[in-house]
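Before I ask anything, here is the structure I am working with.
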């Protein structure tokens, strides 16, 4: 039991355990450190950071929905310089494995961010959030356009070199997810993060107008778990060798196992942490116990298991 | 109060009330007639019928998910001849307003169906389901391709002439819903039905394989309501003159009102009927009370209200 | 195509009793005059989880028996296994609470008009509706033998009163913790060969029902089984609960087990096609 | 950037009492030693709806007061308005049930080191944390006056014991059904002009807090207000609860009201920018 191999890899990055925070759902980790040691989980994926500081979207920024929530944060943040100066050293000090998530408004901004991240010691991987539907960029989302998503990853790849694995984070709000995935992998992504939030809206029945300051928002939480499982399954079927960091509605070890069987090499926990500050560490424990109970010798042997013929 | 005008129109079809059943969630109406008179609701939208009889997908065909469910029925049905011979006369006898939903595997099949439906007396409208993700047609969904969705509607329009309004039912699983909507309207759709189910999957943790016989299924219920509201809002913003039959997770009068404020002229109730056989009639009553309480003089004055500037 | 049970109504019922019996909960609901419409084999669909639950679908339970008493009026008894979150919620409802039900639903066991030798076979909580059935059969002058099986003794449901309604009762468990070691299907073959049974009524896991159907195939024994398919609506509107069934003309249809079942003719169910799609030769 | 309340812990608390008081529920939770970390102004985030609830986010409530007794150990009192499904669920929890809480969260009211004239202004359930605060201020030798307002008398929360901790208490209702007719903000201007107040502590609807801030602007009166923004996490990780706040250098930041608040300096909150994005001049 105790020597169960729970480790996983995304590109050339190694993680002791496969359960991570999700970008934007753990800030820079400090707050959750009050509830468990960050070094005990797979990795902290930090909130997507942009080049310049940003106010984000107006409030209200959230609405609870049945088994889910909408958010419209709009990438509020301190900008990459302040972030690298203050947040990263603290995380590294905690012996936490760190994945930095970057977001940009132009292909150039992504490349610039990648250049700034490249030289930072102690980073396990870079997650490229090309799928945030909240960015005030004429509503245009990189991840919804095969061409611009390729170009972003291409720019980041060229800047990063081979040092740090690139995880491209995709939006499920597309007609053909496997083809977008294919494109970013060809452009140099080592792994894929699936899924970002689903675009949604809530009308406030008091004001009778869209509830969120940003009108639309991203739907997350258990409501979207079936969409995440489907997305991971589809993409893993199309590209079984590309590691996937799965996310979307995971709030128990059973949920995490579903994503892993569908094809995820690791699982990020987002919205669940809002309802339960211990979610990440509890899900990690439950997942480990479940894998052992199901008789898997290692985590890796469970990845994509749902794709095998039942007779195998 | 009692003379509140609750009526609505979709194309040239008039309905006393704006709350309908959703296709595939009321069979042909008979079963629900045990719980309320069908003539008291806006209309019965029948289960999508194909030209030939069909077995549909293997079981299991459903999985409950958080605040939602997946289904993979695969359009089981008796075929259009038996349907028109048995089910329609009964509905017409009940004084129920009827919308027939048709589904095909080829552009020709849709046209054939339209021709058979055209001559049937007592039909208020035809809903063209071009968005069912379950059809075993190489996974290709008409509604996900601008060109094939146009061609289907074009074929139906040519066959139907101007007699019966055509409601094109679209899938939310596309990158650019307003452009698909635009295309089918240009091809002759009088109204749009939004939204069909969202493609999802559940992995069964006992078998560790996809739970549904058809592997993927359509997600419906309250979980997808924010996606429905967003879809309706987006399409109404792009084409304010095209009537929308809204659906997706409506299980209370408040939910129905959200869809109407977002831009729906009528609302179909689907999954909610599974949990509550009185759902359609209760939602209709609640919606009416809410509209009156909010001070709307007519249903029509509430349609798309969320798009107005708050100062208006 | 068949119709929804004409007695079906949607109402709130009061939990009059809820007590643990082995691994099950015996739950008694006050349903008033609705008892008059309930027949052995019918089921009830119950809303679970309370307001603001993430469970949006009803849960189906066989009606174990109905009764009328001066103090409680019409009552309906259920035998519920705490399985997942819905059934656990139901098992946690205390006396006096209200539950939202739709009942009676589905088909009932066919009752012979003349006395016959009836064998009732129940697996796990599948025995629940059989005791009510036994009483009806007894009243018609039938000989009623019963076989109950389960993996372990705690999963055998066999109430004292129930035993009075049957001529004989044998229990089988796979771990031998109660009754005889083995499966219920083993003695059935013997009884059929001895021609000591005219009708088999069965309720339990699909595997058991299929095994019995295979035993009765090519015999004169009638097999009425109550099937259990996952149901989203319970009232015939969703088409999730279908089973492949052959009609007299030999054509196979996917019938809704919620309205054309749960009680079906075991010889017509195409067990080998369950979970598959028949050859598309409609 | 500030930190999460260092005392914050995540635990199960027992509902020791739940009683209706006007339109509110007074709920007492057993929280043991955690009382030692709770300060007036802090709040608690509570999981609502039970297992399999469709409500996935916690609900925030001000800690009305904490106490330690021999029989119950450390206790925390909340005043809860049954508003939507989450708060109604909490109000329906009976004595003995357990609730999952994270507390204490957020900033606390600053307590002056020397005696001052303090005015405590509460709107609706906003008075809840003010009585605990009054006790602390009283113990520091402050003069404590209190103004409570609400739309109607049933929404005034002013417990007997609480009244003992204040030098004066005035109640205003918009319908005149209790105390004086009118709003709390009206007498505040008079008190400020009379220079009979040094610090105002306020808790209530955002409109009230804003109005008080406007009254204290350009005066020497310090205004500490406990804000109420919709919160998804309550622990600083989601960025949904932000308010535009100007720091001493004049720069505006969007601060998280769950960890940089709920108690904030009213003169720094940019009330006119709430619900907007400041000019992008970071």
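Side notes on the structure shown:
When the chains are written out, they are named A, B, C and D in that same order, and each has its own residue count from 1.
Just so we're on the same page, contacts are C-beta pairs under 8 Å (C-beta built on N, C-alpha and C of every residue); 3 or more make two chains touch, one makes a residue touch a chain.
Listed by chain with UniProt protein names: A, B = Unannotated protein.
Values in this document were obtained by computation on a predicted structure and should not be read as measured data.
Annotation of chain A (Unannotated protein) and chain C: jointly contacted by B, D, touch as defined at the top. Chain centres here are C-alpha means, and the one lying farthest from chain A (Unannotated protein) is C. Centre-to-centre separation between chain A (Unannotated protein) and chain D, using Cα means, comes to 35 Å.
Centre-to-centre separation of chain B (Unannotated protein) and chain D, using mean CA positions: 47 Å. Chain A (Unannotated protein) and chain B (Unannotated protein) have Cα centroids separated by 34 Å.
Shared contact sites, meaning residues of chain A (Unannotated protein) that touch two or more other chains, fall at 66-68, 221-222.
Along chain D, residues 54-55 each make contact with two or more other chains.
The touch graph of the protein chains shown is complete. Chain D meets chain C in the complex at residues 49-55, 85, 89. By the touch criterion stated above, chain B (Unannotated protein) contacts chain D in their complex at residues 66-67, 222. Chain B (Unannotated protein) meets chain C in the complex at residues 24-27, 30-32, 34-35, 47, 52-62, 64, 66-69, 71, 73, 76, 79, 86, 213, 221-222, 251, 271-278. Every residue of chain D that touches chain A (Unannotated protein) in the complex is listed here, in rising order: 1, 3-4, 6, 8, 10, 47, 54-58, 100, 102, 229-230, 232-243, 254, 259, 274-278, 280, 282.
Of all the residues in chain D, the ones that touch chain B (Unannotated protein) in their complex are 54.
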